[in-house]
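Okay, got some structures for you below.
Note that subunit A is present in both complexes that follow, paired respectively with subunit B and with subunit C.
Up next, the complex of A and B:
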């Protein structure tokens, strides 16, 4: 079956011109970001952190997709798996992009200032965890774990393309159980370090799950968009079919309801208890026009897709499907923006040059490396033992 | 003497693909009231039979919307008008506090709509069906693939339909009585 499946390699515009454009655009924007950083390091560091977390969330959501498919021995998704595998491999790109955050550590995290901690008994109590040395050790552990897990799945999957050894599937399956545990722990503590510790007095046990849910939605959306782009350029037309898009949309729909559930629960409990040290975070994120942004997220991230994507006709109509996926990515972007930026523009949303330049900068390099890597291997796992099941998949 | 009413014709087919092809021909010949029976679900059977999308989804949406509306109405009436109790300094109309009940009632009503709507659309519960009398039909749960054409169909005629069912591959064609 798999030997009869002819899959052309990526070539032409997507394989060479698009990465070049991405790298050029990304490089120029990063240079502009560097210039802006010299002018206003405080603001630019936050813009950069926002962009970093957006692309990190896509990487982690993709890694989640790969792990969960192996964990559940899923057959339907085999034709799609190479896309998130490749996105997850961008973990090393995110590890490199983490370095500027270290340069801006004093701009971002005020618990890194000795004089602030000395005057703050709460931060003194947390100093055993929130100190620069341990922060660095954890960052290395988290980023290292993601690079390691992404490489594990990608290398084995690509190796199977040529060897066809079904044992590789079994070993990926066995590793996926440990991987999902490592993934959950590293993601939770990673986002606590990099986003929650911006307001170090405040804590929420929902925070990691909240970031995870948004990440998964974004990763599913971008996976679908890449598949649709390939389709537009004539690749995999009869391989990734409406049935697969339909299932991606159903999965994403569930995850988006999960996102709404988790983000509301986080808010709801804090709103009910109304204890100052907990509600302070929402006071900050509801201030001025940030309140409008929060409402826009509730409506745009949840209610609108909840109604529009409920129908199977919207999920299966590829034009509507594509528009919804773009919408989800925009909403996720706004979500991350709302998470980070009230720390720097407390009175309301104010999109600055450095937001755009750092987003396009990291995004350009990120997307460039994605397409480069996608070019280097087959577009689908051609020898996967479950490929026939996926090719015949019918919802 | 009691007259026995005719239910329709029962035809057996060799395998799932024979069943699908037969059903496509029945559909194309303009038959409407026919049904298929197989030990397992067969992919593509819905379109082969020409079955349109079920209205169940709309029933569920309508029930869910009713549940949501009643939850909002109930809670608003209770907290704003019937029992005006200020709890921990919050507004009488605090939509945040309403959300869990709204969610629960929406899901409950939608669930009822789905289960009982499905029962109603399928004509359940049904204590008797003419096919239960047929011996051959018992293999439908293990290895038999069957089509029934009901006598209520406008194109139904005992001899014509029986011949047609045989022409499209029927292994055996039997009369089923009410």
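Up next, the complex of A and C:
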């Protein structure tokens, strides 16, 4: 097999117009968010946190994809890898977007108020972990670790495009083992800090795994969507083939069941034992129309894809495949929304202007940087030693 | 076949899965030899020892049925002891077989072909050992059928809201599917032995169990479809069985038992212990049957990596439990964990941590991953550690419960200890019979991953 497959660079609409539109839309929305923040900082901070976590989950899920492919020496996925590599590189964008959360820390987290802690013996017990200083140190460590790991894999991979040195693959493989450890720990405590501590009395050992499962689903879905977009514009048509989409769909199917398994276990064990200090979280997230949202997640996030994607034909039919990928992303978005927003609208779901503006704002900038970076390197790792394996991949 | 580089570091090449330049005939010859030759002396000795163990088990169970559960050391509040520990231990060991045969099959991990038969057999016998525990721990074993929802004149039904009843369904489904999966995979190989048979008895018996297999195209088509469906059915079972076992503990309100991470944590632990058992048995079997060309160092190294990965996941769960116990601010949770690590059973806790979390970390080093004595020792450590994990969870969480006046230090009686030893007898008796009478490697599958099976890409296994 020839490894000198001709791969054109990204150009035209995707390379210049799309990022421009994204940046413009994102910038305007962020400006609107800033205005809304002045009017109602409390609500807007939560909207912002929700959007932040959604795009963070895509970044981390993509980083996981890259790490796990190296760790398992996967061959089939080489043609897809540049896309998650590029998404993971957006970790620095997320690091910048983290700053407003610090700005709104008192709006978001009760435990940052000295008077609240003084009146609450449970929070006093947690003060060794939940205090602003340590929170900041951790945030720097986590975001720094993600930027560092993403850069490591991206730089090496792009370097291999020109040098073709198989040693680069070996060093990425060696690093992937340490990376998965760092990834697991940083993701877990990151999400404990930023989402679980919104209800600082509540605790669940499953929480990190739950966020991870959703992130992995989202990253696979967006990877496939980007590949399909490229295909639409005539790129990589004979390189990322139905066989690859089929495998992505199978992985997604499995990961989505894993998400359902994890979220069901978390819910079920708390429901069954029915201890007030644990069930309080679900009481809050089942209140009013949030109950409907939870049911919609069970049906939409799990049952619908479970049934539709069971068929090989929907997995391989690219129109149906594409529709399912959008569906997964919408469901993941709803999942994150349900995770965060009951803290601010306790009586039921209420989509506000700031939800939309912060989502489009972060999303616009995020997507803009993604396409901008994608244009800077080859669309696939052209000299990866396992590329031939991926090119002739058959399910 | 010049590129037989063991453990090669060239990422553009895949490590060959069969070494030694074999052709199809020599593969059949080597794998069928234990079935066709007279049992070696070591086998006879091992079998004698195992059957003695089995007799010990029968004796202990007889004593148990005759005298009642009181022969065990259980007492309020430690109502579960070695019985549940033994059950979870054995069920956990079974999981490696299912993971290898089902999940690795769906992941197209071709290296599984040399070890799946072996691991699946282990699954079945391990689940049998586990089943013994579950059936006999009910006490009045003659009414154990009440576990099933059978209509009866007294109108007594099992409590469907109890995870113990789900366990009955989970484990029996698991056993059934595993047995079917194993048997379906065996059919082509049984037919191979039938066709090679030189004695009448062998021809008849293997003929019966190869259910008319002729290797026709249509047979293979049906076979592959059935295999795929059974793999798909087994995959959720890998997760569900041990998740439900974890529910036995986690749905309760007992601190140390009730925590949300239990289901995936138990599954990871089960795979961890199962792989350790496969490594223990495989290191011995490849030596004794001279099958190092099929169960290569590459296979062992890969399994050791999985042991490292799952062992670290288990370590993550231990860490999360401890962190959350502190973070919860719940004094009962906090006490349960402090008591675990520094209470009267501290020795069990630290044995568990050293064996399960620390010892597999040695597998970070390639030299140790590829050293037979080291992997043998570590795999034994993991087996011990995983037994202790179940002991720690079951006993230390119970022995100091909500009412300090009934706190109690549980120790097993000789009956419990002998029963556990006896359960190894049961397991090994069946396993040795398997080694002697069935092909321990899937002959047809191994042939499929040899270069000769793929004329399009010589030297590549795909």
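Side notes on the structure shown:
Criterion: the second predicted complex is superposed on the first by the 392 of 395 C-alpha atoms of A that agree within 3 Å, B and C clash if a C-alpha of one lies under 4 Å from a C-alpha of the other, contacts with A are read in each partner's own complex, and residues count from 1 in each chain.
To be clear about the criterion, contacts are C-beta pairs under 8 Å (C-beta built on N, C-alpha and C of every residue); 3 or more make two chains touch, one makes a residue touch a chain.
No experiment lies behind these values; they were computed from the predicted model shown.
Clashing of subunit B with subunit C is the outcome of superposition onto subunit A. In the superposition on chain A, A:293 makes contact with neither subunit B nor subunit C.
In the superposition on chain A, contact is made by A:262 with subunit C only, not with subunit B. Once chain A of one complex is fitted onto chain A of the other, the partner contacts of A:275 are limited to subunit C, with no touch recorded for subunit B.
For subunit A, the partner that touches more of its residues is C, with subunit B and subunit C as the two candidates. Common to the subunit B and subunit C interfaces on subunit A are residues 268, 272.
Here subunit A touches subunit B in the complex through residues 264, 267-268, 271-272, 274, 310, 394, going by the rule given at the top.
Contact residues of subunit C toward subunit A in the complex are 9-12, 14, 106, 236, 239, 243, 247, 250-253, 258-264, 312, 316-317, 320-321, 324, 327-330, 364, 462. For subunit A in complex with subunit C, the residues that touch the partner chain are 73, 75, 121-123, 125-126, 129, 166, 169-170, 173, 177, 181, 184-185, 188, 201, 203-209, 250, 257, 261-262, 265-266, 268-270, 272-273, 275, 277, 385-386, 388-389.
Of all the residues in subunit B, the ones that touch subunit A in their complex are 43-44, 61, 88-90, 96-97, 99-100.
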